[in-house]
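Presented sequentially are two complexes of subunit A, the first with subunit B as partner and the second with subunit C.
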Partner chain A sequence: MSENMGLAPPKSPPILLTREVVNAGFKQQVNELSGQHMDACYQCGNCSSGCPLAQEMDILPNRIIRLVQLGQRDDIINSETIWICASCFQCTVRCPRGIDIQAVMDALRQIALDEGIDHFGPDQISPELAASVPQPGLVGVYRKLAT
Partner chain B sequence: MAKIAYYPGCALNERSSHLDRSARDATVKLGFELDELDTWTCCGAVPPVSEERVMNLIAPSRILKDVRDSGRDILITICDFCYNTLKRTNYSIKSDEITRKRVNAFLADDTPERDYLEKDDSLWEDYEGEVKVIHLMEYLRDELGYDKIAGSLEKPLKGLKIAPYYGCVMLRPQNEIQLDDPENPSIIEDFITALDARPVKYPYRTECCGSYLSVSNPDASTRLCYRILTSARNSGADAVVVSCPLCFYNLDSRQKAITEAYSDFKPVPIFYFTQLLSLALGVDCGRQGFEKHYVDVTPVLDKIGVSTGKGDE
Partner chain C sequence: MKRIGVFVCHCGINIAETVDVKRVAEEAMQMEGVTYAQDYIYMCSEPGQALVREKIKEENLDAIIIAACSPTLHESTFRAAAEEAGLNPWQCEIANIREQCSWVHTDREKATRKAINIVGTIVQKTRLNESLEPIPVSITKKALVIGGGIAGIQAALDIADSGYKVILVEKESSIGGHMAQLSETFPTLDCSQCILTPKMVAAGKHPNIELLTYSEIEEVSGYVGNFNVRIRRKAPFVDWSKCNGCGLCMEKCPAKVSSVFDRELTTHGAIYVPFPQAVPNKPVIVKDSCIYFKTGKCRLCEKVCEIGAINFEQEDQFIEEEVGAIITATGFETLPVADLAEYGAGDVPDVIDGLAFERLLSASGPTVGEVRRPSDGMVPKEIVFVQCAGSRDPERYKPYCSKICCMYTTKHALLYKHRVHDGQSYIFYIDIRTGGKGYEEFYHNAEEEEGIIYLRGKVAKIFRDGDKTVVWGTDTLTGRNIEIAADLVVLATAVIPKDSTAELVKKLRIHTGPNGFLSEAHPKLRPVESINSGFFIAGAAQGPRDIPETVAQASAAACKVISLFSRDHLEQDPAIAWVDEDLCGGCRICISVCPYDAREYDEEKGIVIVNEALCEGCGSCVAACACGATQQRNLSDSQIKSMVTASLRGE
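Moving on, here comes the complex of A and B:
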């Protein structure tokens, strides 16, 4: 479990931007679902620096927002980040632009789930865990990570 | 004795019953009673974000409407998840007209079909967010007053150094919760001081313990809990105090995995705030449910001269 201790990769792979992809309406969809304005983000990185789970993520939260602005739907809904976010609202509290980033993550999870991408199923939990975790953990995980 | 409507939630009803029991014991000592709602369901644990998921608001709204219909305007919860869900649901019903209408349309439609509720012939009245959802600790601070607690101590926790752990959903999102400053809170520190113990300052008190990732990604939660607990321990804490069943589970039971992964880790006992409160108010140690804890709490109890009574059994 210790191989993942370092910081998230400093560089994201290059992306190819085309007018069709950027204008396909993904950003608007996220705006509507989350009630936030993606264009408000000016990439200060405060969300990523405060995120307790940033080191577990493949794409940092501020980069997720940038990718939403650029309409990179596939990169996002196939990322680990949206499933690693624990909805702790640290980023939401600290965003100087007032974006509820947790709500954006929820919207992204919902878009992925609507595609039928379940991240966590009842078969993936061990019986001992299921018998001991307090119920908010069980209800929470299936509400957030499964359809 | 004053009775205040109380929503325990599913965790306190079963797996975290020691949180429930110590809270009831402590409040009786303080002169009021937690009056459990006659009928209640799961609140859903996490509030939905988008308007599309209006179904997730129905369960908490029904609970809140039942409280209003019974003529009460305050609802106490203890579990941080329930508190967050009920309070935020109430907030969206109050502040958003569309949500209010949709939720009430559902509620009006489904109530008579529920066989576990008695049929109600009274005039329908939309629920508009009248109930005030408050955390037990908030009630102790604002309604009862920490002075009253400090004045009723039978067994002050003198000499104990306790690290407050807030976690995430008790304070955030702050515009809807408004319990305390989300970055520099003091509600648990003041509570610890009222019990005559000393609050410990450490940097991770509002940092997430992994929440439900404990189920889907336990290793990540282990790393977070290691960071939190080590920081508290290095700052001199004898124990950590929490209010949320899931924080308790992560910080307590996960110490098994932490000990296996990190050779330098030293266990830290975890308490619910209600356990410390009822201990300080003189409730018997045997009623605190310490047998449900993974980490042994005896060293802390020894410090304040409380016998666990384990040797007697």
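Moving on, here comes the complex of A and C:
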């Protein structure tokens, strides 16, 4: 089923779940780095619905958490979402299960940076743009670099 | 000429918003026989009833009409008020201007005209109403409970504890039902046997309970307070009065029968007790499997039974009993895995159902509580649970939610984790429904602390691949399909009514709904009564439910029986059919139309009489009677004619 029979790579291959995938350490790594408990998330979607940058993201915040639960490391560290997140804490203060999603985003960026995947630097911002960007946005950018 | 008072209720705005209630009262005043009419905001409230009582006296009324909601709601309320003020209760009529008028119309003018018309029609009926007296009916203060699961046991104990006799009839050789098969029970995880067996023993020993296991209902006749029941006691081929339950016979029996109790995961002999804690702890011989019955040779059990309890000559016995009330608590079964083609139709050995998994988890089960898969006894490391297997699927299986499986599946995954620490469990679900005290907390704990992976989506296919059982599903939360090569798959199969219930309800003359579960008289206000008086219902026979709900309902049904028995005699509504003996030609057409079996042919008189205790006053026989011999009290032909005339005149 999952084998590619000489065709173009499948666009939506099934996730092959095993206890190794689920427990391979990615979820645990995120739990440790963020100090959060991924399995507490019950996918209500509150984090996504309140996120001011959700419209710019390729994977919504709640789905990021979901992919961590299922151990889908590659999908996440290659996503734009973790870089677009402004660390504004909106999701964190609203999560009914008390998950600090912002901290999870930090942890995911850290894992991505360790792999040499970087999407952002202050030098990419022109002084004119910097003047127009709201302060929390800039703070967020520097936070990302500090993680 | 009667002096009639009309009281028009606003029902807050329920009626008054659509119907001009003042105009209805004014118009009523113009009707022949009406000497008083008045509207009021809530007629059923105490001030409203006081107004009715006061005016009956002040205005010297002979009859009253309450123009308000349906008579099923408040007829008894207003009849009691009328009686208090000195009127015969049957001189109080209800004109339904809510359900049949204001609630179903929007045009105020037309609705008002219709309400006036309804009142006018009831005025015609009321003018000719006779004063009646309730018919006294005696009660046999002994109850019959059918089904010895936790529902039947609880109901029997409650009735017996209040001092009344109970006959508890159970089809199997032991009471206990499905609860005896369960391992630990959500949400508190107390061991099922530990909380059930003391109740089984109590029911077995109670001086007021006569336990008839391995028995079935043959026939039921009679009516509330006075039922006659014929019970078949199936021959166990063991003299239970001699047997001491030593079990020697079962050890020696060479026949092999797969155990229904253990969901076919084990076998027992042709002579067996379903489980060691059985009440009564007496064996039965399955005739179809017994080598002696099949070949004429063996009788090993007879040889080993030191006290000579085995009796191959035993025959079924029949018992006649009189009871006053009947509780049906025949429980449920689950949709066979074989019915679920896409899940392997029962041909994949490591696809089992929830009850089988309960047996694997049970300390007294075939694996002594170790989780081992049926095909090769391996401890599964990847286990998939599939919820809604056959439930919530109106196109192919059952349209309803089976209610208990969300909770027991989480329990299963949790108990699995407690036993197989390095195992991983996955639960496919459509929704997780945890509407019960402590249930949501139970589920969250399982999700958060036990590492169970919940996957939101239905499983499309399950098939065997080597020693793995492959599950194809989806997870709508990631938008990705999921494939798991599992070691064991557990299906939360739909809860369905016990197959024998359909046959039983015919004998009892009670009803089932579209899915075969027992119907209640009213889903909210009369949840444990059948529409036919004297019959009560409890437990999963009425619909899927868990133990707390089953027990609550069983106690409620018992309470209804006790309240029935607490009266000296019953009162039957006299507004029922009666026969003019001079007119009846004995054609018996009425017998064929009566849905309550209330019409009987009287051989001596050559006419058909009405059994007043059975007649519900539906009027079918009255309409069918060609010679006008059968009439209904307070709904005579002349009353109906004048009502029709009045209602036609109205438009």
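Quick note on the criterion: the second predicted complex is superposed on the first by the 102 of 147 C-alpha atoms of A that agree within 3 Å, B and C clash if a C-alpha of one lies under 4 Å from a C-alpha of the other, contacts with A are read in each partner's own complex, and residues count from 1 in each chain.
Keep this in mind: a contact is a pair of C-beta atoms (placed from the backbone, for glycine too) under 8 Å apart; a residue touches a chain by one contact, two chains touch by 3 or more.
Quick caveat: nothing in here was measured; it's all calculated off a predicted structure.
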item	value
If touched residues of subunit A are counted for subunit B and for subunit C, the larger one	B
First, second, both or neither for A:F89, with subunit B first and subunit C second	first
Touched partner set for A:A103, first subunit B, second subunit C, both or neither	first
Partner chain(s) touched by A:V30 [first = subunit B, second = subunit C, both, neither]	neither
Partner chain in contact with A:I125 - subunit B first, subunit C second, else both or neither	first
Which of subunit B and subunit C A:V68 touches, first, second, both or neither	neither
Touched partner set for A:L138, first subunit B, second subunit C, both or neither	first
Which superposed partner A:I76 touches (first subunit B, second subunit C, both, neither)	neither
Touched partner set for A:L53, first subunit B, second subunit C, both or neither	first
Set of subunit A residues, in rising order, touched by both subunit B and subunit C	1-2
Parts of subunit A lying in touch with subunit C, wherever the complex brings them together	1-2, 12-19, 22-23, 37, 39-40, 42-43, 63, 66-67, 69-70, 72
Residue numbers on subunit B that touch subunit A, as the complex places them	9-11, 14-16, 42, 44-46, 48-50, 52-53, 56, 79, 81-82, 167-169, 172-174, 182-183, 206-208, 210-220, 222-224, 227, 244-246, 248-249, 253, 261
Contact footprint of subunit B on subunit A as seen in their complex	1-2, 4-5, 32-35, 52-53, 56, 83-84, 86-90, 92-94, 100, 102-103, 106-107, 110, 119-120, 124-125, 129, 132-141, 143-145
Partner subunit A, residues of subunit C touching it in the complex	381-382, 422-424, 426, 444, 447-449, 451, 453, 455-456, 472, 475, 477-485
